[in-house]
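What follows is a pair of complexes built around chain A, which joins chain B in one and chain C in the other.
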Partner chain A sequence: MRLSIGNLVIKFNDNPFLGPIEAVFDSGCLNLIVGRSGCGKSTLLKLIAGFHKDFTGAVSLDEDYFEPEGNVALAFQNPESLFFNSSVFEEIAYSLSVSGDNKDSIKNHTESWMKKWGLDPELYSNKYPYKLSGGEKRRVALAACTILSPKIILLDEPLAGLDRVGQSDLAEIIYSLSQEHIVIVVTHEPELLMQKDSRILYLNDKDTAQYSSSEFLSKAVIDNDFYPLPEWYSSTLRSYAQFYDLPMVNAEAVAEYLESYNNESASGN
Partner chain B sequence: MILFDRVSFCYNANQETSFYLKEVSFSLNKGVINGLIGINGCGKSTIARLIVGLLKPTEGNINFKNDEGTPYYFSGMIFQNPDNQIVGTTIGDDIAFGLENLNLPTENIEQLVVKAASLFGFENMLDMEVSKLSGGQKQMLCIASVLALEPNWIVFDEPTSHLDPWARIEFWNIINFLVTQSNIGIIVISQLPEDINRFQHITVMDKGSICFNDSSEKFKMLNELPKGIDFPEGWKLERLLTKNK
Partner chain C sequence: MNQQVGIKSVIRALSPITKGILCIGFILMFSIFCKMWLVAFNLNLFIILLCFYLKEDAIGLIVSLKRIWFLLLFVGLFQGFVGKSFDLFASLNAIFKIMGIYLTATLYTRISTQNELLYFWEICFKPLKLFGLSSNELALTMVIAIRFMPVFIDEIDRIRIAQIARGAKLTRNSIVSAINFMPLLIPILTQAIRRSEELADAMEVRGYVADRPRGRYKSYKLCGYDYLAFLVMFITLALLVWKMMS
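== the complex of A and B ==
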């Protein structure tokens, strides 16, 4: 599945705000959107979801005109602030229960979706949503937003405000979700979500462009103002940045990269 | 210096949701970035609220030493989400709000507002609506509004979690400025490994007790980390590279 946006200009009150944007978002890999606060990241998600209608250009799904209708889910920032049910099960099953399906099929569907989000139905179904930890609340909220299993899943800052364990658990789930859905994530922590095959859409009023992970990392390592990656990563890899095959942003990957690079240059001598 | 002397505190005693802080004793000094870390529900925010006076200890004392010379005692707090803390409609109104509540003369308020605003480049933007500010600028405005009150200490509760990476750099520049150029004590609560990298003194809490309170150099040398705490990736890399040598 591929969602494409072509020659897209986001407008406010008919005035151009950002664009033109060219980008493709595929299922099978994770699609990230990064940029400064206020640059239009969240608005782009709302536009894809059909809430922001002030734009010109085209959005298409697998070459067809894309009509956002029942095929897309958008989770806003801090989605757990919208809990309104007294148990985790009711919260997650809500959209199904209003669809009029029979009870058994709702139960089966909800329980298998909960497992996908790392929420064991036996442990979590009857819990009160507000008594969960930050990471658990976030997973319940995102499971509830996506229970109808739409083709396109849009997440706005899903990792913000979670502790490290919560972040890495959720990052894993989001990645596995991207194998079957078109998942587009707005984030200030691309380094925690990025995989070798991820695509990064960099939004900026001057140089909006879509990059592969390695292009993005090289560009950011060379120019800290383009995108400030963690200091330890940029300073360690600055002299390697021209090679376009930089490792992912974690200690193990960087150590392995440095080792293999040093071995190669030693054998070359 | 802040000295916690056998401080106890409890929420919702004898209920399922009760939480106890048990005879906690430790001290924090000015002139360094103090980091307060620990998993959700460990008591970090309780410590923060005790320091700024939003909570009172059930037992024990919190003493502030060597803070003479300030006209009144005050510790400020910067909350996680700047939108919850901004009360003015313009930058100038927001900075003036706390000062007006102290019933200071108007001329003094005007001077103090300009002084605090100029630290953040806001001096020519006092009439600007706060809704026009970016997330990072809003955070800076909250800090300016607290600084205008000339506090002895400022506690920052997960200040970087809502900022973009560019604003995080600005934030840490401000913190470094305050620690080196002012007499204000700084405490930062954060769970993010990249923030731990910036701390100079680290206090770790676990289930209402202090389980580590020492310099970041000592913390970095720990072989076993407290539960739920992760080292910054940069420290992990240093370890991996020394091991591979």
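== the complex of A and C ==
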């Protein structure tokens, strides 16, 4: 599946705010949107979800007309804005119950989905969503949004406010979702989600463009003003930045990369 | 029921006391002194033209009437069929009276800030202090009740967005969607109460105690426009009374 946006200009009260944007978002890889606060990342997600109507340009799914309602799930930055039921179970099962499934299948499906998102049904089913911790709320919101398996899943800063373990657990689930759905994630920490095959749409005033993860990393390592990556990563790999196969931003991958590069250099000599 | 911000007009600069008295005065005129549909119609027209003249959002005010179209229709039909045959004039009179009360109240809440509403109703409730009731708390409760409706509507809108955001396909049939919405009314109320508790906590941690005496940041004084507004109201009232008596 491929969601394409062409010549898209986002407007507010008919005044152009961002664009033109050209981008494609595929299933099978993770699509990230990055940019400074207030640059229009969340608005772009809302536009794809059909909530922001003030724009020109085209949004198409597999080159066909794209109807957001029923095809898109959007998890807002604030998980509480998605809650309106009185228990975690009801919250997650809501979409299934309105789609007319029978009670048993709703129960089974919801419980298995809760387990997938790390929410033990026995522990969490009857809890009031607002009383959960920040990380748990986010899991509930994401589980509630994705249970109907819509074609397109839009996540607005899904890892914000979580500890490192929580972030890596969620990143793993999000990556697994991206194999079957078009997953588009707005984030301020692309390094936590980025994979070799990820696409990064970088929204900025000068040149909004879409990059492969290696292109993005290489540009950011060469020019820290382009996008600030962790200092240890940039300084370690600055001399390798001319290559487009830079490793992902984690210590293990960088160590492996350096080792293989040094081995290749040694065998070349 | 929500205050409209970003508009400057003479009517907004009036003292909260003037605004409150004008509102009550016009509501009384519509409810007691309008015995003919043409009078009620003219009073409605006066309010709308005044809004146009003062650069208030008159179109928005008229459009807001769609919220009570069913009530207007029901009252019109009910009033029309009271006699043996359908009385069109009685029906129109009832419709324009309800419309006038709605427009007056809507305009009043649109042009008044929270503090202005509180100030006026505190004065109104002051005599209740004789019975040991706190005028401030009563006024605050009333203002919160007035301002609660937009919050309630926002909450419904938030839930509609949350439903679509979950990939749910909402039905276009308004009756089915209303039935689907019924089970959500209790959670909406629960959340509204939860939000009000949070607001109460936020106010208390900033030092708000309802029954403590405190000063005002802004003092409200009557000026020339206030007296002019009273004059307009009393002339209108006198004309209505004269028309009713003659």
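We adopt the following convention: the second predicted complex is superposed on the first by the 245 of 269 C-alpha atoms of A that agree within 3 Å, B and C clash if a C-alpha of one lies under 4 Å from a C-alpha of the other, contacts with A are read in each partner's own complex, and residues count from 1 in each chain.
Just so we're on the same page, contacts are C-beta pairs under 8 Å (C-beta built on N, C-alpha and C of every residue); 3 or more make two chains touch, one makes a residue touch a chain.
All values reported here derive from a predicted model rather than from experimental measurement.
Within the superposed three-chain model, A:G50 lies in touch with chain C and out of touch with chain B [touch as defined at top].
Using the contact criterion defined above for the overlaid structures, shared-chain residue A:G134 touches chain B, although it does not reach chain C. Applying the stated contact rule after C-alpha superposition, one finds that A:D163 touches chain B and leaves chain C untouched. Residue contacts after overlaying the shared chain place A:E231 against chain B, while chain C stays out of touching range.
In the superposed model, A:S267 lies in contact with neither chain B nor chain C. Using the contact criterion defined above for the overlaid structures, shared-chain residue A:V249 touches chain B, although it does not reach chain C.
With both structures placed on the common chain, the touch criterion links A:V72 to chain C but leaves chain B unconnected. In the superposition on chain A, contact is made by A:R36 with chain B only, not with chain C. Residue overlap on chain A between its contacts with chain B in one complex and with chain C in the other: absent. Touching chain C in their complex are the following residues of chain A: 49-51, 69-76, 81-86, 94-95, 98-99, 130, 144-145, 147-148, 150. By the touch rule above, chain A contacts chain B in their complex via residues 35-38, 131, 133-134, 160-161, 163-165, 188, 225, 227-233, 236, 249-252, 254-255, 258-259. Residues of chain B that touch chain A in their complex: 17, 39-41, 80, 134-136, 158, 161-169, 191-194, 197, 228, 230, 232-234, 236-237, 239-241, 244. Contact residues on chain C toward chain A in their complex (touch as defined above): 158-159, 161-170, 180, 184, 186-188, 190-191, 194.
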